[in-house]
Amino acid sequence: MPEQTVIEAVRATMQAEMQRDDSVILLGEDVGSRGGVFLASDGLIDEFGEDRVIDTPLAESSICGVAIGAAVNGLRPIAEIQFADFVWPAINQLVGEASKVRYGTNGVKTAPMTVRVPYGGGVRGGLYHSQSIEVLFAHTPGLSVVAPATPYDAKGLLASAIRSEDPVIVLEHKRTYRLVKGDVPDEDYTIPIGKAEIKRPGTDLSIFTYGLMLHYALQAAEMASAQGVDVEVVDLRTLRPLDEDAIAESASRTGKALIVQEDTPAVSISSEVAAIIGERCFFDLDGPITRLGPPEIPPMPFSPIQEAAFMPSPEKILAAIIKLAEL
Amino acid sequence: MPEQTVIEAVRATMQAEMQRDDSVILLGEDVGSRGGVFLASDGLIDEFGEDRVIDTPLAESSICGVAIGAAVNGLRPIAEIQFADFVWPAINQLVGEASKVRYGTNGVKTAPMTVRVPYGGGVRGGLYHSQSIEVLFAHTPGLSVVAPATPYDAKGLLASAIRSEDPVIVLEHKRTYRLVKGDVPDEDYTIPIGKAEIKRPGTDLSIFTYGLMLHYALQAAEMASAQGVDVEVVDLRTLRPLDEDAIAESASRTGKALIVQEDTPAVSISSEVAAIIGERCFFDLDGPITRLGPPEIPPMPFSPIQEAAFMPSPEKILAAIIKLAEL
Amino acid sequence: MSAIENKSSNTPTQNSAQQLSGERLVELYRIMVLSRYLDERVWLLNRQGKAAIAASAQGHEATQVACIEATDPSKDHYLIYYRQFTAMIALGTEPEEMLRGFLAKENDPMSAARQFPLHGAHPRVDLFNFSNVIATQLPQAAGVALADKLKGSDAVTIVYFGDGASSQGDTHEAMNFAGVHKLPVIFFCENNRYAISVPQSKQMGIDSLASRAAGYGFPGVQVDGTDVVAVHEATQAAVERARAGEGPTLIEASVERLLPHTTDDDHTRYRSAEDIAQMEERDPIKVLSELLKRRDLLTESEDEKIHAAAKKRVNIATDTVDAEPYPSVETMFDHITDGSGNGGAL
Amino acid sequence: MSAIENKSSNTPTQNSAQQLSGERLVELYRIMVLSRYLDERVWLLNRQGKAAIAASAQGHEATQVACIEATDPSKDHYLIYYRQFTAMIALGTEPEEMLRGFLAKENDPMSAARQFPLHGAHPRVDLFNFSNVIATQLPQAAGVALADKLKGSDAVTIVYFGDGASSQGDTHEAMNFAGVHKLPVIFFCENNRYAISVPQSKQMGIDSLASRAAGYGFPGVQVDGTDVVAVHEATQAAVERARAGEGPTLIEASVERLLPHTTDDDHTRYRSAEDIAQMEERDPIKVLSELLKRRDLLTESEDEKIHAAAKKRVNIATDTVDAEPYPSVETMFDHITDGSGNGGAL
């Protein structure tokens, strides 16, 4: 089983899906001869040509609007948004339109499309190359939102997204692209959308997280184990629909919930996970439902010192674990 | 003290603020001789002229982008988005830009602007004239978001918004415009942004809500009182920043929390309120943190039967009160 | 080809593939009259409290029938907005089907009463209108056309929009994308000089939208939208261009919005009495009826029969649909996502 | 006035208010050379791991100094994007101040190291750049100009954008709004034929952006962006128009992007060797240096002195800023909202 980085898994999956199905096309800014700014589509234009790997004009609303139209008319577009911070111009087409194609036509039309959105910080991106943009998508009925954190999950969830009959937003944490390596089987597989995974079983406390923070949480869990606290780490993986049963099961079992995210906390994924636990696990808990996130300031300063202060870290997570475990 | 509807209070407040301060201008679609589609600006063009009451081209991104530029250059624009469902094209200018003007320039520039957004359903608006759009705004550092539910609050919060040195999103529930009447003093007053209000004190259970649902919750509370349950109703009023202290105080005091909203629940205001309570009131609660909202389907069908089934109602709220009170 | 052309039936095009026959002209007139009666009925149903909202096509009928007539419904794609009432009828939507939308009945063919009338997707031709949000359909149309181009199909995509919609960023992005890729799409603007209350002079700093096409590298044509023959010719030329792989065309049809914006509007608030009065001469039904009579294609009594038949048809449809059931609550949970596991629950 | 004009210094404008003196030409050259050295230094600092990212203005220098020269920094407004490195210097930003942005130092004047270099707002002239998000500045510029118009000020707003930015909906909406209201704004496009790797042919279906202005009811001018005199004249005409209340102008300056898009890019991936090689002739420093010498405004030894002075200036600035402190963590909590109660907590 070859080891790949996340970005390698993304590239290989797009390639495999384009080989598998002629109707899969890729469109976005610089996805052609440049191969994408993160090289996610490196070489694909050589293999599939300009018709299927389309360098679009610099206009995200039309990238997504064109993807909707193409999807409705028989293709399976993968739209790449260059950085998550630039998805805002396309919100109208994604949240307003794509999400309701099936519902608004009572099932006559569907929009099988994938939107890949590199997001997140810790890359010296400053205010406009670091944002987490999951909240609105995760809130919107009719959309699915996945956020793989490992090369294995990146392949399985991206394949599911491309094969889905409905729009799927794929959030790829850009810091994980080259940082995170892992085994990825050559053979075809998918991971069902909507399923969390326990990435580390434990008994004393459950961490719920996703994206880059999964890796920090796993590191913190190791450190905590040295201090005698056995932490379970649940990778949400899909942000819409959230795997409510898996969340409730883990929180009820360990009795303590810590939710860790990189996005600012107010009205966010961590709010929803906390609400699910507060409603479903109330009688099983033996500690407050705790959230760890960055401060409520615009994410995130360009200054490396301030960026580090902004981001949750394994150390900050460890501190939150110990505090909650000692209650 | 004259009685006004919500829309009358909105109109009178804009008029008073424009009289008070020459730099206040109004811009949006049909705000001129049409007086706005809800007549919020009825007559204002006659009093203030075409320079200060600007019928814009049909383009929300530029309405908000122009407002930012005008605000940065000394005006205090009030931008009207005709229906909340049409705010999506402006997200880039509001969430991406306006929210970070002060922060991104280290305080050198500010954008004192107000964006009025009529939202919400129960008006036979179907999928595209009924949406609740508060989630993303309430999530975004740098923005303030208010959601007045009464004529008195509409005046006080709109005046605060217009006088704020930073961007404020004012969410006006369009169903309340003509439905809700109340006393509004003639004299000048403001209501601080960030303060919830207990609209009905009670001892057994706290309802947290806002917008149209406030009125349904108050009706439900009356009905519950006939069944011996004394319900407190907290009007959140400001959605960013949420009044965390008021929320925690009420929930801790009554020991039971019911959060009611019209927006679909996943990753929403009700998630955040539940998370605040789950973290801060854990040891004071004697029942699960309960949320009542519509089903997770695109909001909301045009069919009147389905629309009614979608919306929370006083009866549904009462049922949730009784269930939670009996635990 | 010059960037902007002005077309009217007084300047017949030489190379037009097919002139409209007298018979077809009368047939189009018949559809227009039916549309007008049905449109009036819908407005009445609103006043009776039965139809929550309606936008009227009165004044736009000639443009819409003539445009559809130049296309091929068996393969072409139509992205409409809320004002293509007549186009829907021309594409074969029965009056009963139209009314089911307005009355939010269970069997509304477009959206099963989830959406406003005329929104959703047509069950028999590729006509759709996903949302009320102005101009979103234009980039979608470019995408539809892109798919045809990649598939090697010679289908044409026609996308309708208003003068107000021209201001949206999406309109620009769509035309730009279509221009770069020379897509088989027709951008069809029904310019009635108003976006609700906002007159064209506050919407754009120019007199004719057609002039914008030059900025995207394809032709723009302005045409009198009350003139069936002129609209048909302009559309036919655009369709030929598109099918031949030569790229998009922007057509601007000048029409009048005879009624207020929707049943919720009162245009006397913002239109002068003269402006309202002058529209009478531009009523496309009047214009075409006079033309047909001038050309001896229609007698007064045939005209009366056409009107009587339309009226009767509308009465029957109203009675039928009025008696039909509303959707049940349960169906509102259908078709959110495919629910197969990929794409997930709700 | 014809919609598109092509200007170069070979066709001198008759009514130009003020011709550039030989002295000023040399002064502009001096700024361009300083900009070039500083720009090269920043690139080097990136390769040394000290500057996280840089976008270069190399190739755009002539356009930027000439444009600024035609404006009035004491009252005009400048909405830049990340490539107006030379414009910032021309507007009086000291090399130390520029470097503080690149090295994310505490005293970065634009944003206190919260933002990428060149983003934020200038402390002394009304120059700002709120975000990295392409084209958002254009509607903002229309708003700035609207405020001036309402206040009765004769200030002009200059907003810069690239060829890629022309595709965004915001660009269209801004030009349309400005055209309707005849706002005192200059839409200044630095067209370097590439948006990162996407060539102009994939960005638009036309050869010259200036042609779009006709669709908004104001003039568009295409100008050789390596030609200081031509850019100055075109800008001066636009400034006069704007100050006189006659409305916007679109200026398209054709330039070369001599380096890759940013320090993160490698343009050999997508540009042919010939395409890269041909740029040498269009290097604006070379072009202006030759012009000055041809006109006897500059000797070889004076030129060398200018280069030596610039180099020295950049060295001093580098040493100074390198030793300066980074911001403290605490300051990242400043200036989120005013915190007065109105506008809320945080």
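Read from first to last, the chains carry the letters A, B, C and D; within each, the first residue is number 1.
Everything below uses one rule, namely that a contact is a pair of C-beta atoms (placed from the backbone, for glycine too) under 8 Å apart; a residue touches a chain by one contact, two chains touch by 3 or more.
By chain, UniProt protein names: A, B = Alpha-ketoacid dehydrogenase subunit beta; C, D = 2-oxoisovalerate dehydrogenase subunit alpha.
What you are looking at is a predicted structure, and each value in this text was computed from that prediction instead of being measured.
Enquirer: Name the chain whose C-alpha centroid is most distant from the C-alpha centroid of subunit B.
Expert: The most distant chain relative to subunit B turns out to be D.
Enquirer: Any chance you could check whether B-C or A-C wins on number of contacting C-beta pairs?
Expert: A-C
Enquirer: From the C-alpha centre of subunit B to that of subunit C, how far is it in Å?
Expert: Once rounded, the distance between the two centres reads 36 Å.
Enquirer: Round to the nearest whole Å and give the separation of the Cα centres of subunit B and subunit D.
Expert: 41
Enquirer: Quick one: report the Å distance separating subunit A from subunit B, using the average Cα coordinate of each chain.
Expert: 30
Enquirer: Scan subunit C for residues touching two or more other chains and write them down.
Expert: As it turns out, subunit C has residues touching two or more other chains at 111, 114-115, 119, 131, 133, 167-170, 173, 176, 180, 202-204, 336, 346.
Enquirer: Among all residues of subunit B, which ones touch two or more of the remaining chains?
Expert: Where subunit B meets two or more other chains at a single residue, that happens at 56-57, 59, 61-62, 85, 88-89, 92, 96, 100, 103-104, 127-128, 141-142, 240-241, 296-298.
Enquirer: What part of subunit A is in contact with subunit B in the complex they form?
Expert: Against subunit B, subunit A makes touches at 61, 85, 88-89, 91-92, 95-96, 99-100, 103-104, 127-128, 135-136, 138-139, 141-142, 239-242, 264-272, 274-275, 277-280, 282-283, 285, 287-291, 296-299.
Enquirer: Quick one: which bits of subunit B touch subunit D in the complex? Just the residue numbers, please.
Expert: It comes out as residues 25, 51-52, 56-57, 59, 61-62, 64-75, 77, 89, 92-93, 96-97, 100-110, 141-142, 144, 160-161, 163-166, 168, 190, 192-194, 238, 240-241.
Enquirer: Which stretch or stretches of subunit C touch subunit A in the complex?
Expert: 77, 110-112, 114-115, 119-123, 128, 130-131, 133, 136, 138-148, 150-151, 169-170, 173-174, 176-177, 180, 334-338, 340-346
Enquirer: Subunit D touches which residues of subunit C in the complex?
Expert: For subunit C paired with subunit D, touching residues are 167-173, 176, 179-180, 182, 201-206, 211-212, 214-218, 247.
Enquirer: Can you list the subunit A residues touching subunit D in their complex?
Expert: 29-30, 32-35, 37, 55-59, 61-62, 85-86, 88-89, 124, 126-129, 295-298, 301-306, 309-310
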